[in-house]
Each structure stands twice: as C-alpha cells, then as structure tokens.
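Order of writing sets the labels: A, B, C, D, E, F, G and H. Residues in every chain begin at 1.
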C-alpha cells in the first residue's frame, strides 16, 4: 500500500468514513474545521449523512438520535465545543449509545486560543458531565495512529455501547503527514443492532426504548453498576500504551500525543548525554494504562509527566504511582508546544538538584 | 439569636441574599427549585435582580455579564444543568469573573434521577470545561454550614475573582433543619470593583475589558500561570475540613456532605464495638484538604473513602495518600443514601478479611 | 332504550370528572361512595338507559377508562 | 478649485478600494508603485483639485484611513 | 342484541397507565397521537422522542420505538433519527418549557432545515414537572412559583407564541394550534394530527401541532375549571387555527 | 484658507487598527456604531459585548467598557449587564453564525423578555472567522466550505431571516435591516443605529439592527465585487427596511 | 436523652408533609435539634407521599430514618410500605378510616384513630392529619398542645388565619381519641 | 541519513503554505518521512503566514521546527521574525524583490532570488513561490525537478490544469536563478 500525504483533520475524516460512519453531525470550530469540511463533500458522495448542526449542543443530541437509531455516528469539535457537549455525552453514556467523538484540542480556559493544547484531559477522562460514567478515550501521536484508532473506534463503540473519544491536539489536526489508507479500502459496516430504536418494531416484534431515566434510585444504582461493569471491562481490555526505551531506564517520561513526539527527541538527546531515560506513552487515556507502569524495570526511580497543560494526566500518574517513584512534572500550556531542549533542560536541572 | 426551621433550598437562597447577592439568574431543575422560587419573591422585594433564564446556558452567561459588570451574582442548578454550564464556568474562570454557583446534586448519568447524589465531584473539582482552571468549591454537611459557606462565598469569589461552587446533595436541598440566620441581619455588600466593565469608563477614566481570549499562546500561558497563582493561593488558604475522632483512630473515613453525616453514626457504632474509627470530613472539595491527612496520628493505618457515587473523591484520596495507607472504598450511587449500618458492615467485613 | 353503553375500567379512573360534562344526556357522575385501588372516587353511570353511545365521554377521558359500545341488531354488521 | 481635501493615513490603508468607486469626481486610485508597512498598495488622490469634500470615500473606508477637510474662507467659521 | 365497539381506548399505546395527575390533558393528547399513528398504520414503524417535562415517561406509553431526549433537545434527537432512518415516522412530544424555553433553538432550526418530522407541542403555560414555574408561555398576570405576583411584562416580557414565531421560518410546512377542551375540539385536533403525519408520510417536511393543554395541579384548579380557564384565558392569546400550510399550493394545483 | 474637518475617523473607537481583511464591511459597521455612541454622548457609559466570530476582538476597538461573550451568548451576557447596570447603554455585536445559529435562543429570548439592549447583527451569510462554512443565512446555491455544491434546500433548508423571525416576538421594540454598500445606505444605517440607541436611552426596550455585510475573503471575491454581490443576491432575499417599530404608536399619539 | 424518629406516610393531599413539619417547627421552638426530610419525586400529585422526622437533644447525624420509633400511616399502601421498618416496640398510628387493622404486627403499640371521620365531624376532611398529630403528641408526650398551637399561629396567617381554630379543634380531637 | 528542516514564511496570499506542502508531497512520493505544519490563526488573511516542513529518512518526532536548516523568506517582516532561528551554516533564501539584504547574518549561505520580478516576467506574480521553490531544490538538491513536476500534475487537475505549465516554468526559472 502506498502512502498519501494528508492533512490531519482530513485524514481523520476519511478514517471515519472507512470506519463505517453512517452520519456526521457537527458544528464548526477551529482547529478542526477541515474535518467537517471534508465530510460535507465526502459523506453525501458516499451516500452518508452530513448535517451541520446549529450548535454543539444540537450536534451531540443529533448524535444521540442517530446513534440510538442504530447508525454509526461521528461528531467532532474542539475544547470549548466539547464542554458544551458534556451534558449530551453524559446522556449518551447513560443511555448506552455508541458514537465516536473527535476532539481537536486547543488552549483554554474559556475562549482561550486556537493553538494546540492538552488541557482537555480532565474533561475527557473525568467526564465533564454529571454522574458516574466514563468515555473510552484514545490519544494518538501521529496521523497514522489517529487514522487507525478512529477506524477501530466505531466497532469498539458498538461493542461497549458507549461513546469513544479520540483526542488530538490542534497540531495533529493541522499537520500533514503521509498515511497508509487506501481510498478504495472497503468500509466497515455495523451489524444490525437489536437494541436500536429505529422504527423497526414491526419486523423485530418488540419495542425498543432509549433512555437514561431511572426514577427509582435502586434501579439507577443497578444501572450504574451495569455501566461500571463495562468500564471495568475497558480497564481490563483497552489499556493501550507504548513503552519506549524503558528496559534500562532510570527516569521514565509519561507523555501522550504531540508531547510524546517532542519527548521522544528529548529521550534521544538525554541518552546521548548518558542519562538513561525512557518513556511510557499512554495511547488510551481512559482506561489509563496502569499495566505499563507494572512493566517498568526495578531500576526506574523517577517518573516525569510531560503535558501540554498545567498537569492533568499527572493526577493519574500520581494515583498509579501510589508512592512508588519520585514524581516530577513539566508542562507548557495555553497553546505553547515545547521544544525538546526544554525538557532536556528540565531533566538536567532536576538531576543537578538531586546530586 | 434564635433558630428558625427552614427548607434547605430556601435557607441557601436566604443566605445568598444575606451574602449580598445583587442578582440571580437560573433555570428550574429538581431538586433545587425552592431556591429560585424563594428568590423570585425575595430578590425583587429586596430591590435585587431575579431573572428566570431560558436555559442553564443562558443563565450562566447572564452571570458572566452581571458578574463582569461588578455585581455579586448567584446561580443555582442540579447536576445535568451544571453539565450544561461547563463552558460558561470555564469562561468565568478564564475571564476572572466572581460568582457563586449552588449545585444541588442528583443521580446521573444523563437524566438519571432526582434523588440525592454526590456523583458531580468530578465535574466540580476537575472542571467539566476546557482548560487548566479550577473552581473553589465547598460541600457543607448541614444547613447551618451551607448557609455560612454561602455567605462567605461571595467575598471569597470577589477576592479570587473566580467562581465559587457550593455543592450539596438533593437531601440537603430538600430537608428542613433549624438554622441561625436573622432575617434582619444586614447584608454584606461588595465594594466597588475597579476592574468591572460596567459603563463607568467616564468616571473611572480608563476602559475595562472582560475577556478570556489570548491569541498569542505565550500570553495565554502567562494568563494560565497567573490563574494558577490564584489556585495555589486557594490551596494554601482555603483548605477546610473537620477531623472527627481521629486522635486515636486506626481507621479513618473520608466523607463529605450527607455521606459524612451518615458516617458519623457509623463512627459511633463502630467505636461502641471497640473499633477505633475516625473521620476526615472535607469541607472544601477544591482545594482538597491535604492538610487534614498530614494531621493524622501515626497509628492510623487505613483510609476508607465513603461517597454517594462510585468513587470520585476517592481519586483525590489516592493522590494524597501516595502509598502511605491502606485504602478502601464504599459507595452507593444513583440516589441511594446508605444507612450507617451498611458502612459498619463494610468495615466489619474488611476487618474480618484482614484478620 | 339505550343505544349503547360504556364500559368503565374502574381502577384506571382518577376521578377527574372530565368525562362528565360533555355527556349530552347527563348520565355520568363520580361515585363518591367508593375509592378505587388508586384511591380515587371513580366514574359511574347514573342512568344507563339514556346512553346514546356518542363517545364524548371516552374522547375526553385522559386515562383511557372508557370503552363505548353501540348496540346493533342481530344480523346487521 | 478644490473645495476641500482628504488626508490619507497611508499605513492604515489595506488597499481594498472600497473608497474609490463612490467618489463622485473619480479622483481616487490605489498607488500600485508602493507598498505600505502592512504590505498593501495604498490609496492616493489622482487629482486633488477636484475634491468636493463630500466624505463619501471616508464613509466607505472600513479602516479609518481618510480624514476629510473642507476649505473655509478666512474669517468664516 | 350484538354490540359494536365504537370507542376502544389504548390505540397505539402500551398497557401502562399514565402517571399524570387527574384530569391532566397530557393524557388526551397521548391518546390522540396513539390513535392517529395506529389508524394510519404507522405505529410499528414510528420512532417517538420523549422530552423532559411531565411527559418524560412518554417512552413508556407510546407503543412504538422511543427515545428519551435531554431537556429541550428532542428536535435535534429527532433530526438524528430521521436522517439515518428516513423511512420511519419520527415525532417529538414536548412541553412548552422544553420547546419554547431551553429548546427554542433546536425547534426553530429543525423547522429551518425543513426536517421531515412532526412535533407535538403541549402548551400548558407552565413548567408542570418541576412544580409550576413560569414558562415563556405563561400569561401576563398568571401566578406561578417563580412569578409569585403574576407574570409582569417589565420583568419577564409578554408570552411567546410558538406557531406565530415559526410561521416566519421558511422551512416549516404545516403549523396548527388546536385544543382538547371539548369533544368537538378533540376531533379537530385529531384531524390536525392526521394532516401532520400525512405530510410526513408524503415527505413534505416539518410539521408542528400545538396543543393548548392544562395543568390542574400547578394552576391550582379542578380539572374541569382548568379546561374553562384555558378556553377563557389561553385561547384568546393563543388563537386556534392553521398558522402555515405550504401544502395548499400543491393541493390546489 | 482655513480648513474644517468634515469627517474625522475613529470616533468612539480606540486607536487600535482593525484586524479585518481588506474591504471587510465589519470595519464600516464598527465605525458607525462608534460614531453614533460618541455623537449621542453615550460612549463613556456604554458596555459592549463582543461575540465569537471575526469581530471577536471588537473589545479592542470600541472605546468603551467591553465584555467578550461565549459563542452565541452575547444577548444573555448583555441581559446580565443591563439588569444590574440599567443606566448603562448595553449593546452586542454579533455575526450571523453567532446570532442565528448557536445563539438563536439567546437572541429570541432577550427580545422575548423585552431586554432594553441593542443588538448589532452583522449578516454576511457565512462563518467568516472559522474559514467560510455555511451559516443559517447562507443563500440557496451559495458555495461554502461545508456546502461545497452550494446550499441545497433539501439538505439544509432555506436561509433564516432574523428580522422577520423576531418581528413576531412581542417583546421586540424596533427591528431594522440596513446595508452599507454605498454612502447613501451608510447614512441610512447610521440613522437606524441612532434610532435604536435612542430607544434604549428612552428605556423603550429591545432593538436590533441587522447589517447586510460582506466577507470578501470567504466569498472569494474582490471587496468591490463583494458589495455588488451583496446588493444583487443578499438584499433581494433580505429586503432592507423596518420590520417592527413599536414606538410608532407612541410617536403618533 | 430524647431521640425520636418518625415516619408519616399517606396519599398526596392528605397533608402528611405538613404534619411532619409541624413537629419540626415545634422542636425548633424548644431549641431541640430536628431534621425533616421529604420523599420527593416527579410522581403524580395523587401518589403516595411520606416524610421522615427526627427530633433529638443530641446532634442529628444521618437524616434518614431507617428504623422509626413511630409510624403514622394515613392510608393502606403506606402501611404496606413502612410497617416492617417500625422498630419493635414502636408506636404505630393508623388512620383507621382508611387502613384495615387485620394482620398488623403485634410487637408494636397500635393506635387506630378514625381520623377521616373525626375530621369530617369537625367539618373538614383536610384536617385528618391534625387529628393524627393530636393522637401522636398525646401518646408520645413529645409536645404539649400549646407548643403545636404556637406553630399553627405562625403558619396560618393572613388569609389562612381562619384555619387556626379548625386545626386546634382537630388536634384536640385527636388527643382525645387516644386518651379515651 | 538525511534530515532537512525548513521554514517558509511570507504574506498570506504569497503561497508559502503550498510551497511547503509541495515538498512534503514530493517526499511522500519517494517514501521519505515528512511532516508539514502550518502556523494558523484567526488573523487577517493579509497577515503573515508560515509553515514548517521536515523531511527525513528517519522517524520524525517533534513536528516543530525550532532551528531550521533552511529558511525561505518571501517578505520583510518574515525575515525579521525568523532570521535568528536559522541554524548557523544554514541556507537562507530571500525573495529579493521585497526583502532587503542589508544587515543579514553572515554565518549563513544567502540566496537572493528576484522572485517577484521573475514571476512577473513569466506572466503571473502568483508563481513567485514556485520560483523560490526552484531555487530551493536547486541549492539543496533535495529533489530533482521531475519529482516536483509530478506533484504539480497531481495538484493541478481539472480547471487548474492550465497552471501546470506556468508552475513548471517558474520552477525552472528559480533553479536557473541560483545556478547562474
């Protein structure tokens, strides 16, 4: 298969088509606009549904309807738009409706800026909405991985009957990189969903209902425990991560997405200086890849979380860590993408302090 | 001062008036309706502003306008309504606008139910919105404390120029308890806010702007670091908690709000059985009261987090803990309020297992 | 003689009375001597002979309490 | 003789040309020999003598480039 | 003598008993919707969208596939369903708080896009479910729990008329306001529903039927008095009738 | 000979240069708003609300206190300001994506409540800032980055007319649609703004002035051609004029 | 040390909420600790309703009454729902106008009060709740009638003032009903 | 091992984005690794624009070019902005039609190209970017012109096909300009 150069947002859009997205509902927001723009052309051309909704709130509720009617559905947005979708995402999780959400993150809070950021980690993994729910979420570091994860997200969403979020920072959305994705590749298709409320009562012989309302608290608790069962299954099966030069690492970075790419350079540079650094790169944000940490060698003594935020994933590192390692954090926020040298400098300074 | 019996929602409304709320903007939702209902009568009667907004989204943005114009502003809602306000809260934090938000929590996810819950902990403390921001948040366990914290929240919001949230579960909103709060008590008043964009340019001599937009990522980062400075100040000064019979405790509960009340009974019951149990009751959720844990005696060996959720605050306990104590969790969710006996039973079972 | 009759599913009735006024022959009332399973005083027909099977009562009943039947001559369909 | 004149704040000009067409005496054009600080070819007056100080150009300029002055006889106010 | 059933309740509905308060006209409206869908043979291929309001549990009552939407968002949910399942009959069932307050944008935009769906809009001039707060449709002077001295124009504006508002949205095909306060009007309301669903079946676009409805509990009135109050107070401000009919031209042609 | 300045730019504005693209009529509209507020002596007691769109940085340009609102929510923000500072002149400045799409409910409800504020509504039939996507106001057949084959009625409905829509909201006091494509219309637009702010000063309620505006960049046209396109295509669908004037009766009396 | 936990249950409209609240008001006047909690739901107003009241000289922790000392039951479904929660030896007040006594637990003290009838005799079915309240305070001796009268005076003011006399009568009738 | 990092900067409208993309397309054809990133913002379209391109035989990690090997500068503000980032010994291509050469760093190889003039001579100012691209490939020897032609053929299809010849000409003119 030959490679094609594509813009991140367009590549992700194409991946969604290949992943079998029957419908897209979204609202424009920088830096993800090329994604709906691409789909506005290619979804109708592929006999699929494209609707520009009047708002993010409307978009996520259209997703609710189409997903609840059994279609494979995509929406995309960026940070403040995701905030607006939080009630809807909580409903999707509560009503067990599968869908894929692409979040091309930018700096916050508020309107913030439009430069790349990772400061949505909290609203992705903690749910910005109400209740004890979780969103299966992935954070690729390059376009090939993004494309592959998006294709995979549709069947995963169907399997868990839960929203799946693929989160990239604005840089990944805007960059061009060669990817392997044949235009001619056959698209995946969802099987018939027996639970879907799609007007097929006649054929099916029973009535389907989509709802997140349980007035009896004991029933609602039961429902929550059922949901928890799915999240536990995700924790078991969906932890994804990459271990980079950790075999002999004294110090291990923890970084995802663009930050992980930058950190790869820092690992090389530090190793050239004789500092044994490795990296755990979480690919799944929820579930947080606990298993990666269990696989670290005895000699590792420090973890340094690196984020394009003021430290959000760092909380998960602290939880996993449970006192085991020395912890440190380095981050830039507001849309600043750090240079590898800054990380190297940070590590050097830390080493000096320790010595 | 004599006590008066009041319904929680009404008592909180009255406290807001006493706290100097100039304006209220909100949208009806169970189980907090008595709060706006009370204010619809008493705000105009006190020459203050009451507006029933068309939605939670509109309400929080009215808060933005009124708060940015220098008024002391209140809004209230319940869990799904708070989810809808997340973008707005992120904007308030980003633009540094003070306001007070009362959240009377109910079960989720989605529409969920209307029974009491604590499953908003994540959306309160992690921000459901985008960006590296925090909301100063308090969780009283009874109406007197709720009333006192609300009165205090207005000056705190002004001091930090940040939203302050007071979160109670639905039971506290619906219950009646005697409180001390004189109808005749003079209301606090905010001083003139020199930063407010209120049309006072002429008098003031300089122009004020309220905005969260920083197109230059370095400026946005600087802004975020400034905000972080405030959050660090909160971490320093606003940690609030109560230590309950911890002096000789082997096992320490961590619980807030109604759950803490239930746990107080469990502490008594277990102590009667000779089990030395104590409790840390966080009153501030953000900042999480780290200092309380530092004050535990040497002999404490276990922490048990108790929540009316499937374990959200428990993450903060894990972070604080950092491997120090044996951790355990007990929770009910979906609107179920546990009975003290269940907690006692849980501890007994855990002790048996350990033995 | 009655042209038809109504059948009242008594335990569904909420005693709201909405069916009473529209009856053109004024033969409906609540039976205040009874409470049904739900705790309401249900509908009853004061004079069944008068019923003209117009269905007005049933159309106005929010709670699907009333079935209306018209008497038809044997053999006719 | 000119009834007035326009003053062009050249570096603010974005060379959009919106001011040109409304000029009733047709004396405005972009100076294609120049680029200003912003990189645009700015406005210039081809025949200042014709200006009637009507302000049409200024009203149409989105970027506040043009000030319009009317000549007044000495002594008049 | 034989009998012939001339009115059998529960058409198009499940066996579940309504949870509505005694005399609440939500029930009458449900019955009509169920009846029409059943009579038109559409019930088994319908997808209904319940909103948040007293009718939140409508998904338990209509005997067809149902979604329960977030407060105000039913038209967006219906859009999602209809776009991917264009052969289904899709309707929403929404209160006035749901549609005219929090969900106004979704309703107007569904009309704007000309979505081929039907909205059943139940206007009882109040928030029933949450205990009687003021709605955008609450009449001037009407007391509610958040307009304790009656709605004041200076404070809260004059009541919003949804059919009138939507009549200026190009995408709307059919808009009618009906009432169910007596059998005659019930019959008329049924006709309106038939028309709306027929338009949807014919893929002719967006239809909305507004029902003048009551809330005996929160109005603080007996059920019968509520009907009278609606007739005397609501209908004058919310006149019954067809507000838009884009099928007319087609019919005439 | 002496000179008398007959047009001095920058009235009611800061010294900041606009970031707008060459020939974008946002600038002309800003100038008018600044001028009117300055001339009426209102600028120093005004509070403006910038929205999200190309004019997001309007808070840098108007020489008065300013708020920057979340996308679509400017009317809610303005409501908050006006309710607590009733003596200030409060206006929003919003694009068509901001007001007619995501913020429709907030705009209609501000009108519905009869908020005593002024909305400057800039309709350029497109989302300028985000790079030219379709807006609710995009004309049929108009190509945008999300309507690559031109807006199709079947897919996206017919364009929404905001003045017409709001004219049916009881609370709106004054609604006018204006254009700035030539000096004559600029002058008329200024009159409309004067009227709107005078109404606000007189506490007579909600006013909205809709401006037909251009987006040379995303329309892919030269600035002058954009003006012509607006005249030829937009004005026929969005006729200029007064859509509602509730002050008339008062005036006549 | 006094600690009384009570559940009051019945149909919506029977005034069970108010009955519980009155006890909490009276407790507040006497500077006792008290908590009143309702069961709340979006149910039909015709459905069942109940409230839980705790009155104590000590601090009140868990507000939920899981094992009440007393139970006041205004209709039959409520008896079914709460009978088993009542603690052994507790007091069970039933509105015998609507609740059948057959098969009730025998490890509790039963106080049947023909509340509907007594209320109707006084002139208004709506005060059946106050009849039950009278019976309750007479048996438990928690408050004297003056304490309750004081609450009436506070609650029923303005247009409702006329209700004071009626409610007093009902309360006294309820007290008489169990002291007989 | 080859690793080339490049920044292309100029006014919006000068085609700097496209120029960078063409290099990435060419690299992709040759199965090299490449990343192209734009600077993006809600700024006036008349403002400055730049893109960063990395081409490498190794895996590309950080996509950000902080210290470019080459810098192509189409206008003066861009020179001011990026001059100092260029690595010592790097190649600096300037559009000398618009950029003054006075005072430029002397530790870099300077390639002035009168791109606007050359483009105008060819017949269209808009291909000044391709002139610069020609100069760039000629100097760096990263791609032969056929590789770039292939990209032209792919990009300019349909109505844009006419542009192929023009762009080829511009590319060759740029190559000539530096090989003189």
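By definition in this document, contacts are C-beta pairs under 8 Å (C-beta built on N, C-alpha and C of every residue); 3 or more make two chains touch, one makes a residue touch a chain.
All values derive from a computational prediction rather than experimental measurement.
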Starting at chain A, find the fewest moves between touching chains needed to arrive at chain F.
1
If chain centres are mean C-alpha positions, then the most distant from chain A is chain C
Roughly how far is chain A from chain C, going centre to centre by Cα mean, in whole Å?
60
Between chain B and chain F, the Cα-mean centres are separated in Å by 39
Identify all positions of chain A at which a residue touches two or more other chains, and write them in rising order.
30, 54-55, 57, 80, 87, 91, 95, 110-111, 114, 211-213, 215
Can you list every residue of chain C that touches 2 or more other chains, as numbers and ranges?
14, 40
Contacts with 2+ other chains: residues of chain H
41-43, 46
Complex contact set, residues of chain A against chain B:
57, 79-80, 82-84, 86-87, 90-95, 105-115, 117, 119-120, 122-123, 126-133, 211-225, 227-228, 309-312, 315, 318-319, 321-324, 332-336
In the complex with chain E, residue positions of chain A that touch it
22-23, 25, 49, 51, 53-55, 57-59, 61-71, 73, 87-88, 91, 95, 196-202, 207-213
Of all residues in chain F, which touch chain E in the complex?
101-105, 108-109, 112-114, 136, 153-154, 156-161, 164-165, 167-171
Looking at the complex, which residues from chain B come into contact with chain E?
27-30, 33, 36-37, 40-41, 44, 52, 54-56, 80, 110-111
In their complex, what parts of chain E are in touch with chain A?
14, 43-47, 49-50, 56-57, 59-60, 63-70, 73, 76-85, 87-90, 105-106, 109, 112-113
